[in-house]
Amino acid sequence: MSEELIETIKKEFRSNVFDETVSNNEHYLTVKKEAAVRICDYLYHTLDFPLISIFATDERAKDGCFKIHYIFSCKDDMFIIIKIKVEETSPRFATLTHKIPAANWYEREIQDMFGLVPVGHPDPRRLIHFEDWPAGFYPLRKDFDIRTKPPRVKGEYIYRRVEGEGVYEIPVGPVHAGVIEPGHFRFSVAGEPILNLEIRHFYTHKGVEKLFESLSIDKAVFLAERISGDNSVAHSAAFCQAVEKVAGVDIPPHAKYIRTILLELERIYNHFGDIAGIATDVAYPFGAAHANRLKEQVMQLNEKVTGSRLLRGMNTTGGVRRDIGDKNELISKELATLQNNFRELMELLISSPSVADRIETTGRISNEIAKGLHVVGPAGRASGIDGDTRRDHPYAAYPELEFKVPVRKAGDVNARTLVRADEVYESIMLIQQALSRLPEGDIRTDVNQIPDGYALGYTEAPRGETLYWVHISNGRIERCKVRDPSFCNWLAIEYAVLDNIVPDFPIINKSLSLSYSGNDM
Amino acid sequence: MTIEDEREIMGQRLHEKIKNIFGRSLSIREVDAGSCNACEVEITALSNPIYDMERFGIHIVASPRHADMLLVTGPVTRNMELALLKTYNATPEPKLVAAMGSCACNGGIFGETYASGGGVDRFIPVDLYIPGCPPRPQAVIFGLMVAVDKLEQKIRKLEVKA
Amino acid sequence: MFEILIKTLKTGTVTTKYPQKPDIAPLGFRGKPELLPEKCNFCGECVKACPPGVIWLDEEKGEKRFTLSCCGCIFCGMCEEVCPCGAIRLTREYELGSKTKDDLLTIIRRRV
């Protein structure tokens, strides 16, 4: 199947494809710069493969140019990566955003971090750097030192303006009223209904991708854990899997099962937290208190099992650092009580008319928009996108376990809440299956002497598909591209809030469960 | 005396402190200056029914203008620097600043980069450090007890000046 | 309404007694690193392994100094893992709130 597919693409574009390399399930096609948009358009629209990331690399030292990679997720657990070369003397490439809206932020990110300009981009403003960042400083270029502190310059950020009688703007953030991360929201409203929302993020940009390049692989695992605090396991597992793929190491089955259990525990506490947040925002404190209590119980269980409430310090390249085999009984007992409690809570939550009134039809994301922006995770599945990395690109112990992927069509807050609730039951079942089949054996293998190479690592985090592309050269990280699920999902919020009222914004925001830190990095 | 007894006595002492000093309540404004969200998860946990910090009279308030204390997380990113300073200036005196989590203490794993500042005390004076990555909710409660001592000192100092 | 009442009564009180009653972290918790001076041989393995770089070695007035700061420590336990002589151990102590950074330092001194 995969060979046929590559042949079809090569036949279609003949002379435009220079080079083809295959490693594991990743097919790299180096193509002519001018043909990139046409080929990507073909993959996206004709073959119906979603675009999951675009990133650049600085390979001037080796090949004398920058390279841009477009990653497509295909059927049969395969990825196609289209590569183009961009010369330093002509740092431009044609934009893809007109054809694939999901490309919007990636291209602006490349512009800010590498100084490569997407020609014809509908919104060429800066994304990551603020107006006080001077021109000519591109952090991810190899000749930029990580500790450089560029001077602050004067500049102005121009927001989209909505004008008309009775239209006014509400600026919110970056320091919010609640305990949430920093970000700026600019609402244009006429009375209560929202006419337009513009989000402005990257307040928490810490230079993580650059930092990866200065850390050893062992230490980088801990950095991956701290990209999006409550998705620690998903991030570190994705990073470790990418490194293991480059090294050609298959981790022991025991470690695979432990990773799976940790990933699912993470999903459960995150989903409880999200449901608690939604209950708080619809002014149903009774439900919030109970959901928070359940979340706390899982976090205390995490601490007993791994020594960390957020499951940190467990993943490592080649496996996991601690065995949890002796905690088997504790976990299954705790999960059984949790399941009963959660069922009771959901019955109360769903039957409450005051909750239903606030969440039904609120914050709708249509299937078309979700698809166009590549919305992932529970938010995507609530809008009818049947995608789940655990099933589509299996990793860890998932190929051996049975689970369902809940999908709903309504795309409103209600659907997102219910998808999460269904996923909690699936996760509990997955952990129980994994515990009952826990194989014997080692928990880690040594990953020494990693050959030069690159690979993708991916997991389904509680927020959705998390992607790492790691390039290792001489035992050090040459480039590490991180794609958090929130980087895709943030764009959807601008559509979700339209025609909703301002007081419903917190609920919509919470129901999408977006990470600021994972997005900004 | 066993370790348990000692801890019991220490716990009771802390309780006395809460009763005496938290006769007035402590209002906290949380500022995320670039954290990874883990510290926020733990601060949110402090309001859940298990830790319920409102029982000590500790509230999270919506505006720095209502706050006695800023609870700052994160290494202070370049883009959050101005917002942090504005928040600090908006908080009325006497005020306390607590740096929560390793990044806030000295940059943690993010250290100092082109975009990360490497700790809160490089930008505003810090009265309390709460290490942990992230600190357990109990560790934050303990930290607040330590901070309350300092608040007392600060108020006294102001009184002397007047 | 009735269901809410039943659920509330069934749940009872869940609030912790901390800080009146101590709350001891479970076994395996990664808390404050403890140094065992008699075992340390100043090899510097932990310095190399520490991700945030809060362990350092220096020398002053003919005295070798080994310093570990909890301020910035991410409690990953790498130092414990790499130490060849078992001189670092992560304890279950987590009540580390402190008014100064100096209070968070642990130092071993040894005459050269």
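Think of it as A, B and C in the order they're written, each chain with its own count starting at 1.
Methods note: a contact is a pair of C-beta atoms (placed from the backbone, for glycine too) under 8 Å apart; a residue touches a chain by one contact, two chains touch by 3 or more.
Just so it is clear, the structure is predicted and the values come from calculations on it, not from any experiment.
*Asks:* Which chain has its C-alpha centroid farthest away from the centroid of chain C?
*Replies:* A
*Asks:* Which chain pair shares more contacting C-beta pairs: A-C, or B-C?
*Replies:* Spelling it out, more C-beta pairs touch across B-C than across the other pair.
*Asks:* Whole-Å distance, chain A centre to chain C centre, using C-alpha means?
*Replies:* Their C-alpha centroids are separated by 31 Å.
*Asks:* With chain centres defined as C-alpha means, what is the inter-centre distance between chain B and chain C in Å?
*Replies:* The separation of the two C-alpha centroids amounts to 19 Å.
*Asks:* Identify all positions of chain A at which a residue touches two or more other chains, and write them in rising order.
*Replies:* 219, 222-223, 226, 293, 303, 312
*Asks:* Pull out every residue in chain B that's touching 2 or more other chains.
*Replies:* Those would be 49-51, 108-109, 111, 133, 136.
*Asks:* Which positions in chain C are in touch with at least two other chains?
*Replies:* Touching at least two other chains: 14, 25, 51, 74-76.
*Asks:* Which residues of chain B touch chain A once you look at their complex with the stated criterion?
*Replies:* Touching chain A from chain B are residues 30-45, 47-51, 60, 62-64, 74-75, 77-80, 83, 87, 108-116, 133-134, 136.
*Asks:* Using the touch definition up top, name the residues of chain C that touch chain B in the complex.
*Replies:* 14-16, 18-23, 25, 51-54, 69-76, 94-101, 104
*Asks:* Which part of chain C faces chain A closely enough to touch in the complex?
*Replies:* 3-4, 7-8, 11, 14, 25-26, 28-30, 49, 51, 74-78, 81
*Asks:* What does chain B use to touch chain C in their complex?
*Replies:* Checking each residue of chain B against chain C gives 4, 7-8, 10-12, 14-15, 18, 49-52, 55, 102, 105-109, 111, 119, 121, 127-133, 135-136, 138-147, 149-150.
*Asks:* What residues on chain A touch chain C, complex-wise?
*Replies:* 215, 218-219, 222-223, 226, 286, 290, 293, 303-304, 306-308, 312-313, 321-322, 344-345, 347-348, 351
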